[in-house]
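Multiple structures follow.
Paired with chain B in one complex and with chain C in the other, chain A is shared by the two complexes that follow.
Take a look at the complex of A and B:
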């Protein structure tokens, strides 16, 4: 993503969530660039990611082709797209910023011509999307707002849920962040290799755009007891 | 050996009851603190309860009793201590026997007047014989008309503290949890159960009512304290156990849905709620537990005899806790009545604390107390023994047995049974799967054996095994001692004596449930924990039935009182904003709460906004309009079913207005739907109807027509919606949209186009509007909403473009006679009544509501009409009735405004069919009694009824 020069005319897209600092325009979208102040509990806005909804029959060719069941999410390593089985006969494809039209075209081409009725709708602008990360405290925050069981056993990485979060219909996707190497030198004897590091517990949450600020504020409020940090998303968050 | 410590300099009150440092004490002598009690300064240490600190300072009377205003002191020195309910600052009903004292606390007695020392209401004692069981019912029942007066008087005598209306709102919290095993009770068996469960791999939540784990081991001997320390260390080292102290399981519901009230812990960081400075006071934890282990322990039972509620008479567990935990000498000269080893130990503990133990009466061999005699202030002065001798003393300690707090078992469906050998109730063996019992509730044993049992039960709970596999605990023999040879207090909270209970039984209230309701025994704040078994025993004695036959009352949630704040928790009320909200806020829009949406009502002057639209151009944020993306070849079938009009022939690029009715013919919603391409449609709904219509469409598709090939995707907030209205709207839009021909011929009324606006691709433009002017409704990808909004304002400066709000739109739509579903219609308004005869196509094969509407056609119904008051300066308020003669209601005003365009008042309203003809003058009765004559108009529209302007 290249930063556009200030003052260059062109439409400006904005997230429903107000940035915590002065935003920067990145490929036509305003981005919050507040750096994370801690490695603990963190909350960032990812509403600029492409979000494409797909509706098809629960057990047709499209469902088989997507190969992601309801309640599960899977990431395509090559495209970095996350395919979420968000409801019965309902999927959401989340991809890098600006890919909405491309994803729509691709899905239409792949599934739209097979004779099955398929609705591919670009909801990039229709959904607010945030990421909540940071070890066990994340569960502490979610458990204040949502009645579901977020334990590893009930909802491991790759689980997709739809529930009430702070009384708001919200989709929740457990999408752990890839492990990072420790920033300080490993302890004597050598730390675990990168491949051996467990990922960091993290969730994507998305709701109707109009309630994005409300959801963000509710998460930040619930995270106060865990010293939550609000920041601008980094490469690692996507 | 006791050396009363000297009070700190400057402390006003000093009773000198604080002992020298002791093993196992929980006070931190390095952290002295000051607080106020009843207007005077006192001192204590961190770790003290309010009552232990006050008692150490010589205070022995903490409250006055509920009915007779008798002085009350320490009874149990615990949460349930009925005489230690106090006011702390603005917080009423604080349990002083439990709550830790904190620096600066302002503690006051409650329910006393004018003071604790001299309470005028104690005169009630003199007339006590008239205040017995059923006093209220007997005295105040007649004449009924005087009840409001009685109520005023009785209110003054009601117990409880006071809450100032100025009390700031505290922060209360809520949380869900899903432990594999939840253990209620952090004594030896509870801790062991938690460890047993965690070792079996379970995630455990351990809940303890007290501030510290350990249960009765904390005031036991050195070996018991060592065992407690060992267990606490093991629990703290076990990552799988979450410990909630100063917390209580308040209820168990179906399928182990368990409520826990977590209270602030002054010694924990953030009160135990998070980082330092957390403002949370209490948190309600809603836990869905795999297994529930009840390890609630036992509660010592008071002895019933004359004067048993005098300050100075206390339970052995209270005396031991005061001495061992808080190093407070509970008295100077003591008599001890004991029926068990704990009572024996209390006598030893008192002696070790320097209390002169004048007599130890062994109840197992006939020792007894007949009555407690009082000094002038009501406190204990002497005890009359069974043999008639009197012993001067200021402390009487009783140890006559235990009650089992079986609440959680009752809530699980069990009916505990009385075991005469142990003189207490035990689990009845009717527990559902997933509920387990350990500790004192389950039986008697040494601490080591309790730990062994707890560990096994915890492991069974973790594995979901039948607890029958765990070797049961036995029970120790205990004499059945409930009441002596005199009558005394049974319910200390409600001031119900054994004499009252016997009298009630004599009056025929001889079932325990009836007696409870008649006398209020067990209905006070301690909720039966101290008094239930004594009440049962007294009733059993009065009726001659056994205790087992008499049974108990039912224990229901909550186990312990819970604050309204904790029940309320955090308030979550979702709100919705349009992408243009920051602009509205920055430009002085008055916010209007419309359901969850926050919308601009106006920007200062709605009438000027109307004038601006009628003469030039204005823009309004209509983002909340519901929008549904409909796809599939059968969409026309769906539309024909849901709307009352026809849809099959709507051409691509066109839009049409439609009204939906429910099955009963009542108007459900209205809006415009457009055909974007052959198999793709965009349906718009009212702002408030977006969710309803989506569910309505899905319901018909999923239940009645699953074969239809239609898919519905809600896209309400995927688009920011802006209506550009006014004669100059075409000019304005044309400046920002270069790829769509906007002329009236190329883009006529009721058509739609896709195009680029202000550089934003993928915008939909609909030539429709609510204002009656030439107008375009833009649906813009929502992220660009603010960009397009600002671009429109910037581009139309010379055209006088400005924003207009909901109020201006409401005025203009009323000028045009458009009704609003839900305002001009209600839950009874059918399509024809709303004046939709022109729209309803009864020749359609079917649509929702058709039979009802067809039936309505032959009935007499009120009709929606345009109305103008004869005096154009009078605006009758909405909901004014239209009357005939004095009072006969023949209609109502549904909308009314002053029209700035016409310079007069205009209305929409319902009238009886006979009055619906144009020119009829009806009478509007305003709420203030004014009668306003108004003329029925030919059209709903007051302005441009032919629609020339919007087709321009």
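Take a look at the complex of A and C:
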């Protein structure tokens, strides 16, 4: 993705979550660039990722075409997009920054003529999205705020859930990070670490934009016992 | 604490749901009398025993569900999706 940091006079878009340091403008979005102070439990804001909601019949042609079942999430390696089956007849496509309109156009073209009612809405500016990562401590943090079972058996990598987190309706997607940092672009055929090393436990959480700061603060507060680090998202985080 | 096994989401705390009341046939809006409409809205049978109720999974799948619940023990014996409009 091209990252031009100049050429825009003021912020076009801003996350509902306050950056922990002076933000940097990246393609019209304010980004927090605070580096993580530790490699353990970490929390970052990813609200600038593109988020497109798709609603259709839960067992029609669109559902079959998306091929992501309810309660599951699958990443497309080529486009880096995450397709989340967030509910019955409800999907969310999360993609790199700025791709909202392109994803909408693509989904419209793919499913708009399938003969069933499909609604595609760009929710990029309507939802707050954060990532919580870091080994097993993450489960302890989530368990303080949510009653669900986050064990590997009940909710392995690629699980999508909607529940109450800190009394707030929140979508939770288990989206583990690759075991090793990709050097530059992911190499064809898998880079180092593709040979079976387990990834790092990580979750994406998203909620209504107006509740984003509350969710972020609730997670940061719950993670205080584990010395949670709040930082600006890096390339590895999406 | 009461748990409701949602057919879409699995067992969830009842606090994730909104209670919609006892399920019963809705009178025909065009011909209903005010007294009948009042009875439909407010006069509940409230039995001691099994009752069919509507619940809305507010913090989950956002679907309306038909729940059979025992009013004395809060045991839930069946949860099915409510008929689609």
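Going forward, the second predicted complex is superposed on the first by the 213 of 238 C-alpha atoms of A that agree within 3 Å, B and C clash if a C-alpha of one lies under 4 Å from a C-alpha of the other, contacts with A are read in each partner's own complex, and residues count from 1 in each chain.
The criterion applied here is as follows: a residue touches a chain if its C-beta (ideal position, glycine included) is under 8 Å from a C-beta of that chain, and two chains touch if they have at least 3 such contacts.
None of these values were measured; they are calculated from a predicted model.
K.L.:
Name the contact category of A:210: first (chain B only), second (chain C only), both, or neither.
P.N.:
First partner only, chain B.
K.L.:
Have a look at where A:55 lands relative to chain B and chain C in the superposition and call it first, second, both or neither.
P.N.:
first
K.L.:
In the overlaid three-chain picture, which partner chain does A:13 touch, first (chain B) or second (chain C), both, or neither?
P.N.:
first
K.L.:
Looking at the overlay, does A:72 come into contact with chain B only (first), chain C only (second), both, or neither?
P.N.:
neither
K.L.:
Report for A:126: first if it touches chain B alone, second if chain C alone, otherwise both or neither.
P.N.:
So A:126 only meets chain B here.
K.L.:
Once the structures are superposed on A, label A:162 by its partner contacts, choosing first (chain B), second (chain C), both or neither.
P.N.:
second
K.L.:
Per the contact definition in the header, classify A:147: touching chain B only (first), chain C only (second), both, or neither.
P.N.:
So A:147 meets both chain B and chain C here.
K.L.:
Given the superposition on chain A, which partner contacts more residues in chain A: chain B or chain C?
P.N.:
Larger number of chain A residues touched: B.
K.L.:
Residues of chain A that sit at the chain B interface in one complex and at the chain C interface in the other, please.
P.N.:
After superposing on chain A, chain A residues 147 contact both chain B and chain C.
K.L.:
Would you pull the chain C residues touching chain A in the complex into a rising list?
P.N.:
So the residues of chain C in touch with chain A come to 8-9, 12-13, 15-16, 58-63.
K.L.:
Within the complex, which stretch of chain A touches chain C?
P.N.:
Per the stated touch rule, the residues are 70-71, 87-88, 90, 147, 161-164, 169.
K.L.:
Where on chain A is chain B touching in the complex?
P.N.:
9-16, 18, 29, 47-48, 53, 55, 117-119, 121-127, 140, 143-149, 151, 154, 166-168, 208-211, 213-214, 218, 221-222, 224-227
K.L.:
Which residues of chain B touch chain A in the complex?
P.N.:
Interface residues on the chain B side: 173-178, 203, 270, 273-275, 278, 280, 286, 288, 570, 572-579, 582, 596-597, 623-624, 629, 631-633, 709-711, 713, 715-719, 758-760, 781-784, 786-788.
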